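Which chain is which? They are A, B, C and D, in the order written, and residues in each are numbered from 1.
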Amino acid sequence: MNNLLFMPIVIPLITAICLILLWRQRVIQRLVSLVGCVSLFLAAALLFSFVAPGNVLAIQAANWPAPFGITLVADTFSALMVLVAAFMGLSVAIYSLATLDPERESFGYHPLYHIMLMGVCGAFLTGDMFNMYVWYEVMLISSFVLLTLGGERSQLEGGVKYVTLNLLASTLFLIATGMLYGTMGTLNLADLGERMRQPETLSDLQLGLMTTLPILYLLAFGIKSALFPLFFWLPASYHTPPIHVTAIFSALLTKVGIYSLVRVFTLVFIADTDFTHTILLVIAGLTMITGVLGAVAQMEMRRLLSFHIVSQIGYLLMGLGLFSPLSLAGTVFFMVHVILAKSALFLVGGVLHRVAGTYDLKKLGGFYRSSIMLSILFFLPAFSLAGIPPLSGFWAKFALVRAGLELGQYAIVTAALAVSILTLFSMTKIWAEAFWKAQPPGKVQVDADQISRTLASGQTALPLLLPIVVIAALMVIIGVAADPVLAISQQAANQLLDPTDYINVVLHESASLANSP
Amino acid sequence: MREGMLSRLGLSTTQTKGSLAGWIIALLPLSFFVFFCTLIEPVAMGEPIRISYPWIPSLGVELSFLIDGLSLLFALIISGVGTFIIIYAGGYLAGHHQIGHMYTYLILFMISMLGLVLSDNIISLFVFWELTSITSYLLIGFKHEYQDSRYSALQALLVTGAGGLVLLAGLILLGVVGGSWQLSELFGRGEAIQDHELYLPMLILVLIGAFTKSAQFPFHFWLPNAMAAPTPVSAYLHSATMVKAGVFLLARLTPVLGGTSTWFFILTIVGGITMVMGAFLAIFRTDLKSILAYTTINGLGTLVFLLGLGTELAIEAAIVFLMVHSLYKGALFMVAGSVDHETGTRDIRELGGLGKYMPITAVAGGLAALSMMGMPPFLGFVGKEIIYKSAFGVAEHHMFLIMLAVLAMAFVGKVLTGVSAGLVTVSPFLGSKTTTPKNPHEAPISMWLGPVVLSALGLLLGLSVAFSKGLQDMIVAPAMGAVLHEHEVHAKLALWYGTEPETLMVFGLSMLTIVAAIGIYIRGRGTFASISQRVTMPWNAEQGYQFALNGMQSLARWQTRVLQHGYLQGYLLVVAMTLAGFGGLAFFSQVGLVAPVWSPQFPMVHEWLIAGMMLVATVLTIRLDSLLGAIVALGVVGYAVALIFILYAAPDLAITQFSIETLTVILFVLVLYRRQTITHLLEEEIARDSPAKRIRDLLIAGSVGVFITSIMLAITSEPLVSELKHFFAEESVPHGKGHNVVNVILIDFRGLDTMGEITVLGVAAIGVYSLIKLWFARDAENNTS
Amino acid sequence: MKISFSVILSTATYYLLPLMLLFSVYLLFRGHNEPGGGFVGGLMASAAFGLEMIAYGVNSARRELRVHPTTLIGTGLLVAVSSGFFALFEDQPFMTAQWWYDEKLPVIGKPGSPMMFDIGVYLLVIGIVSLILFSLADETEQIQEA
Amino acid sequence: MESLLAFVVGGLYAGGIYLMLRRSMIKLIFGLVLLGHASNLLIFTVGRLTSDQPPLVPDGAETLTEPFADPLPQALILTAIVIGFGMQAFALVLVKRMFLTARTDDVHAITTTDTF
């Protein structure tokens, strides 16, 4: 039964294999791809339903006991992340049916997409540091190819920066993991966590090194999750590929980095939290501020949104840095929220581009007048991102701000609130320019007819709009009825802060269900 | 031509179409109003009503409502005025293509506003608070295709939104310090909260929130700009409801935060300045709505000022004035809108003699103006008298000088308000007829019903005071009780308080106000406008806003240019510096330098040789001009690594490293060698960077190297204790069924790693293939087409 | 690539190719007990096709390989993943080794799912190396034509 | 020997980073390759060296007897080498594509996606 834990890895892989074997059979590929996404989502939902009551599931790959083999673990946080990733995978896969060009589709878009999902799910589920590195690489190489697939000049330029900086990050990840083994003699996260909770068994040197190695991990994961001052690759590259690629990247890749940071800085690197978590807070503040200022400066929708990814990452890190049950719950909730909001915004941007042929806010306009539905579909995620109640973003922000105030961390709270107003400012910029403003004279005239014509051609309306509608509806639901998700986030936070179950299930009750007290 | 422009403005001559919908939709606020009316008596007689639903228990947020005198009064105003506004909007925007949006936003706004005033939970109160900001953004920007509408909407949103965030922090502090999110529980904990060390920051945060929303100095500037909104919006949001949310919050929190001297001074000073400034600026305006906007600022200042005084009389005055203001201001805004709608202009210099053409509107405007001036027996008169009474009452609590200041401010404010009342009604409706862009005629019923009812109410309620205690016992006293958090509160309203010296003084001052106002109006009406055109303020708050906004955007552009400059080198440099800096800091603070260990065996000659070879090859890779040479040097490093693997008991690694290295070299040659141009570029490259840059890079790269070396020295200075090593050695043959332990790890113990690894390889190959082939597919397509 | 290599190379390749393939299979199977394994074996086999490419041109090598390299990649992955599924029938964790014959066979070693996994690796490596080499060779050819 | 290799790895790291900081994209790739070598060597070194017995169980024996080389770092390095190869191959072709498109390998020539 616990083999269910493998499904989020194996299903995308099998799907990708089928897609590789069906190379260039575009129609069949689409079908297989959708079936794969749906199965992944169902498996993730099933997994989540097992974990949601508070259980921690673990299984030892190839049946070698931990810490010798590789363990897969699902606690609330990881199962939730897998669920969200699978959901986004499905949504964007549907959306891309309408936006994919035949060339990219013939040259491996579908299999790469699934392999990326596989890497993401693997990184969420693994309980082994080196195995996490491997999943990161899986995710990374497929994102490299997805990013550059098509070979346009801007893609290549962005690709070179993306590839270089991320490979550097991988190198750091790799050597940090090597050093971790060299210091502690184990790679299993639960095993490491257990040892770190018995500091008397460790030598001074080990303790010191376990406060230095986190910095390497912080840099490695920090590059991947686009923290200040390591985020440059993201705004340089995220706006270059087709919009559905950007959407799935923004939904998943940086979030995996944050997931890993949360995981290792709650489970393993707790030797000197005053030192490490203060650094995290400082970085969090700088990340949100520089990110949002970057967004303010932009007039191109994709670039603007890309900078916002950076800014939001700061909030996610803030919850980790504050390190309290509420703040971590805030981070988990924020993660769900921001994944939904950000991808919805990119997807809406894609629709605008499809209608008006540009992402330039100066050239866009008139959408409020011509399509109230598109306006609503943009308005909800945009103002949710800005933290307007009762949309999902508000509760995320509220939890973080409250946690910060309770802990007396006024500086980061001030930053968070100031960034919030700047986020609002840049969201209203898109709203005012692309929606409210009358359309400037240009090649394409946007009116209701034009929109319905564009959307209706080639049965594209349904795949284009369905995912956005569903995501936007979710944002409202999560906002108005926030309690279930918040309760799950709190459960996840409690498990993160007290990983006794996690450690026991992995090390002592392997491959069996464990009920939390 | 004009027709087209007007319909773009939202003004159409087909006035009946669409207004019917307004009548029907107005039934919703009306039914609210009726419902709230039925609550008046139970609330006045008994306990406040509390209704509570769980909303987000994990954060302690309830959807709970507290209906007491204060919230009920606000709810009545919101739903009552709302009813007429909806009807009015139907007439005003008849035929507008987005009138449906207007109704939707107005209803949404009204519900948010009702939620705000009725909330018991401070977080749900905040939720509704933000909703009013966002709906007002949509309403102010209703004429969204106009630059200034968008500008004003954004300004209102940013100012109130920023204030809202500050308020959020304040409310959270309040909840944390007070130990509850429920107002009804916090009311009893006022003293404990005021003794807490966080009281002052909390107070300031909450006040900033309230001041931005209620357009207090220096945040007042957004309100006049918000007049870009269609008139129904201004009438509703900017007179009767949204701007009063801040006042409401202050009143609501008086039992919790009020009563301290900090509270007194901040509120009276800010309120006083706002009051006088608003009244003063109003008389220099020529735009009807603009005059009304500034007098609204005056009204809001008055309310804050009174709440700051905080005495029982002052609270009574605040409650009464709140009603007075909502009634006359709502009516006057709608009158101004009707004038604009029927004549095509709102400039008082272009208006005159409209009374003949728009008699009903003129009467309504006149009644409202009289209430505004405080003419007996209007409710405005009652309100003004209590204000003066409470100002005199200050002497009981504070120094005489303070009383004088308070009285002077109140007086000036009231006189100037009276002047404005003249400006907005006397000038347009009386005098001789002027030519206006449109030929005026009476507005439709949907547009005069509201002003008539509201202004008539101002008269009727004022009269009622003389013979009924209904108003004071059912409305005013319960509201005062809620603000003061006391059960037995008595209000006393009258048109004539008797002949005691103090009341006579108040009455005299009240009359003097009216006389002064009329005098100033008659003397100055023609000159105000021209003065305002000659005198420009050297600096005002709006310029501050603009400065901040521009500054922020310049900062953003500057920062983005500096950080995101596009040069990959620079990015890598930052990463390398972070690595060396952060890593070094952590390492040297936590571990410190560890000396190299040369025991048990000092490296032998061949080991030194290999090490030396690698370093030399590294230098050659850097230095060699020839591409092939650099590739070979790089290969040497790789083969040396394989050599080390052989020396240290890793045959599998050696084989793999050897074959991969060969493959890499082949790949490099295949990819690069044919590109003769690249070899040239390598030579150029050396000339590209200045020596200074190269030294800098060398230093940074070197410090990364030092960091790596020292951390490795530290790790290897102690022996590694690993159970894993022995487990693999023992399990490999019996259960892994293989003698090559490394291979058993790869395909069995850690087979999952290998699965990921081969996936990476597969994708990399597909990537290479697609990158090359897709490009050629494109190329071919371009050539054929 | 229009390369006219010496007859020696072509002749040598003609005889070397089967030998190298044979040797690569040997490397694959001995890997469980001696240095070697699917990865190194796969590299050896692809080296054979690389040689073929240099000697006779990319099209000849492609013919010699018979299947498209992407198919090899897919198949290799499929074989490797499938080997993990046998454990599921025994209700054991995914990838748990299943042994089908508990005696060491000559050359091959003990047949079981780990060996199948290694075979998958072997096929995949052939696929990727030839895919990369062929693509690069195509590119060079096309650039020269252009 | 660990200490000696620590210095070598540090040197390789310095060299690799220095190469990556050059303006040539080819050197960028060289730098990455160098870092790859350095990282493998680093894992090998901090996994502790032994020149005695490779992790191959002799025929007939059931288990290895001390001293023998730790097989785990070796397995990790094997994985890392292979992954590194895939990454480098892709990066190399990417840079070549970039070169063919932009006709230069100067990283200062590829700034258009950042400027606004």
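What we mean here is this: contacts are C-beta pairs under 8 Å (C-beta built on N, C-alpha and C of every residue); 3 or more make two chains touch, one makes a residue touch a chain.
Bear in mind the structure is a predicted one, so any value in this text is a computation, not a measurement.
Trainee: Could you tell me which pair, B-D or A-D, is linked by more C-beta pairs in contact?
Mentor: B-D
Trainee: Of all the chains shown, whose C-alpha centre falls nearest the centre of every protein C-alpha atom combined?
Mentor: Minimum centroid-to-centroid distance belongs to A.
Trainee: Averaging over Cα atoms per chain, report the distance between chain A and chain B in Å.
Mentor: That gives a centre separation of 26 Å.
Trainee: Can you work out the whole-Å distance between the CA centroids of chain B and chain D?
Mentor: Comparing mean C-alpha positions, chain D is 50 Å from chain B.
Trainee: How many angstrom lie between the centres of chain A and chain C, each centre taken as the mean Cα position?
Mentor: 36
Trainee: Can you tell me which residues of chain C touch two or more of the remaining chains?
Mentor: In chain C, residues 33-35, 39, 70, 73, 77, 81, 84, 95, 97, 128, 132, 136 touch at least two other chains, as defined above.
Trainee: Quick check on chain B: which residues sit in contact with 2+ other chains?
Mentor: Residues 560, 564, 566, 568, 572, 651-652, 656, 660, 663, 667, 671, 708, 712, 715-716, 720, 722, 724-725, 728, 739-740, 746, 748-755, 757-769, 771-773, 775 of chain B touch two or more partner chains.
Trainee: Do you know which chain D residues sit against two or more other chains?
Mentor: 20, 28, 42, 45-48, 56, 72, 76, 78-79, 82-83, 86-87, 89-90, 93-94, 97, 107, 110-114, 116
Trainee: Name, in rising order, each residue of chain D that touches chain C in their complex.
Mentor: 56, 78, 82, 86, 89, 93, 100
Trainee: Which residues of chain C touch chain D in their complex?
Mentor: Answer in residue numbers: 33-35, 39, 128, 132, 136, 143.
Trainee: If you look only at chain D, which of its residues touch chain A in the complex?
Mentor: Chain D residues touching chain A: 20, 25, 28, 32, 35-36, 39, 42-43, 45-48, 72-73, 76, 79-80, 83, 86-87, 90-91, 94-95, 97-98, 101-102, 107, 110-114, 116.
Trainee: Show me the residue ranges of chain A that touch chain D in the complex, using the header's touch definition.
Mentor: It comes out as residues 130, 134, 137, 140-141, 144-145, 148, 151, 153-154, 156-161, 163-164, 167-168, 170-171, 174-175, 177-179, 181-183, 232, 235-237, 239-240, 297-300, 303.
Trainee: Write out the stretch or stretches of chain B touching chain A in their complex.
Mentor: Result: residues 54-59, 101, 123, 126-127, 130-131, 134, 137, 141, 144-145, 150, 153-154, 157-158, 161-162, 165-166, 168-169, 172-173, 176, 552-553, 555-557, 559-560, 563-564, 566, 568, 571-572, 574-575, 578-579, 582-583, 585-587, 589-592, 594, 708, 711-712, 714-718, 720-725, 727-728, 731, 748-753, 755-757, 759-760, 762-764, 766-767, 769-771, 773-775, 777-778 of chain B touch chain A.
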